[in-house]
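Take a look at this one; I'll ask things after.
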Amino acid sequence: MRFVMPQKVKFKHCDPAGIVFYPRYFEMINDCVEAFFDEALECPFEDLHQDGGVPTAEISVQFTAPSGHGDRLELALRCTRLGRSSLGLETEATCGGQRRFIATSTLVWIDGNGKSTPWPDPIRAKLDGWVQRAAA
Amino acid sequence: MRFVMPQKVKFKHCDPAGIVFYPRYFEMINDCVEAFFDEALECPFEDLHQDGGVPTAEISVQFTAPSGHGDRLELALRCTRLGRSSLGLETEATCGGQRRFIATSTLVWIDGNGKSTPWPDPIRAKLDGWVQRAAA
Amino acid sequence: MRFVMPQKVKFKHCDPAGIVFYPRYFEMINDCVEAFFDEALECPFEDLHQDGGVPTAEISVQFTAPSGHGDRLELALRCTRLGRSSLGLETEATCGGQRRFIATSTLVWIDGNGKSTPWPDPIRAKLDGWVQRAAA
Amino acid sequence: MRFVMPQKVKFKHCDPAGIVFYPRYFEMINDCVEAFFDEALECPFEDLHQDGGVPTAEISVQFTAPSGHGDRLELALRCTRLGRSSLGLETEATCGGQRRFIATSTLVWIDGNGKSTPWPDPIRAKLDGWVQRAAA
């Protein structure tokens, strides 16, 4: 099971070569994670950041083909691994079926003091469902 | 041998938690590579992008400690591997000796049509020197 | 007649005070103009920038109230003045009826050499309709 | 008397036309104000934002000539007007003597609750000096 976010490539994303400047992809990935927490977990970033956060601990990306201005990307996120306070994600961007990048990352649930802390049960239950069905 | 770029953390880099929003780190990494090509290789981005480029093919980053507004970071870049048309880089950011992130990435030299192409000899010679002295 | 673009305030837009960092508003304004050219004028930015552009010649913004993370903004754009090669715009952002900013700007239609040039007739005809109905 | 900040135009600032994407200019302006508060007023943003801020209430910019990748800009800031809790600024960017943009803006000193509040005396004294000598 994948969480899908459409993302058209806009003027602001592109560099002098007319393709996406790669740091902008990380803003798209963050937007996708933010939408996933909001829509799939019912845990909006604007609420959870009142007293905690989900910083990215590590991320690896392979950029397999460039994206041009106007391309209609689809970012698809899967939950690959659930730890005590961590979450493994895979985010793939495609355009018309062609892979543009694939990212693997690890998030950590932290409290208001910046310390990693166990996922709250209601969120853990939902994430567990996403991990179970990641292959589906 | 390392190429070092100082980077103070500014207001624009920071998120609601008062720490660097991680996509901004990739802008810093890109700035560091741009400064390296300009100052160390005498191959400024504004010239080389007239008829080619050096897109990032892959990048992996571990964020080991958060950076706050006002922190004086030091980004240190080493050349770890020179291929026919590729270059392996390691970029470490520290503040007062504490590691904030470490990134490994691969760049590719491309021509004006977006195809990978061998490094020009003068640039290859300089890069070879940086790789030889990476451990120094 | 107004062209309306919804825009939720995301994590990436916000500063350490938890409100929108004002340069991000200009990205929203640009996105709104890009969507207007695409959807209302059927003149997508990715096509028109092949051989020209519509740079902003001047812009004035009053920020009347801050926007917080999660706020559901509505950007509403009106065409206020059509010149030989220029276009006057007013873009107002509101949230739940409260004004957050109001911007007045002037765009210029330029050719591939960066020179201002008259609006093509089909675009002029559409823009003229938007200006006529700006008060409606 | 002007406060001057050099700013080379980098890859990240440029759009598909190879010139500065105008929202990036507002990041430069913010960087210049941040440097002015740090270096000229000895009131670093990282300190003052612990319990207040200096949001921009309004800004007007005329973009008089485009800036290309690699251009070495100079941003020059003057203090034009000091109010009870406000400050008028003029920021001009030039390259080799040619004006690229001129911005006039108004900042407001606010407390931790977001309310405008009088400038602290030591900052007011310094700002007053800058306003007195703005024409010099």
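Residue numbering begins at 1 within each chain, and the chains themselves are lettered A, B, C and D in the order written.
Everything below uses one rule, namely that a residue touches a chain if its C-beta (ideal position, glycine included) is under 8 Å from a C-beta of that chain, and two chains touch if they have at least 3 such contacts.
Chain-to-protein mapping (UniProt): A, B, C, D = Acyl-CoA thioesterase.
As the structure is a prediction and not an experimental result, all values here were calculated from the model.
With every chain reduced to the mean of its CA atoms, the largest distance from subunit C is reached by B.
Taking each chain's centre as the mean of its C-alpha atoms, subunit B lies 28 Å from subunit D. For the pair subunit C and subunit D, the distance between mean C-alpha positions equals 24 Å.
Taken residue by residue, subunit C touches two or more other chains at 11-12, 16-17, 21, 23, 27, 30, 49, 69, whereas all remaining positions touch fewer.
If each chain is drawn as a node and touching chains are joined, the picture has every node linked to every other. Residues 16-17, 21-24, 26-27, 30, 49, 53, 55-63, 66, 114 of subunit A are the ones touching subunit B in the complex. Those residues of subunit C whose C-beta lies close enough to touch subunit B in the complex are 11-12, 14-18, 21, 23, 69. Listed in rising order, the residues of subunit C touching subunit A in the complex are 9-12, 27, 30-31, 34, 44-47, 49, 68-70.
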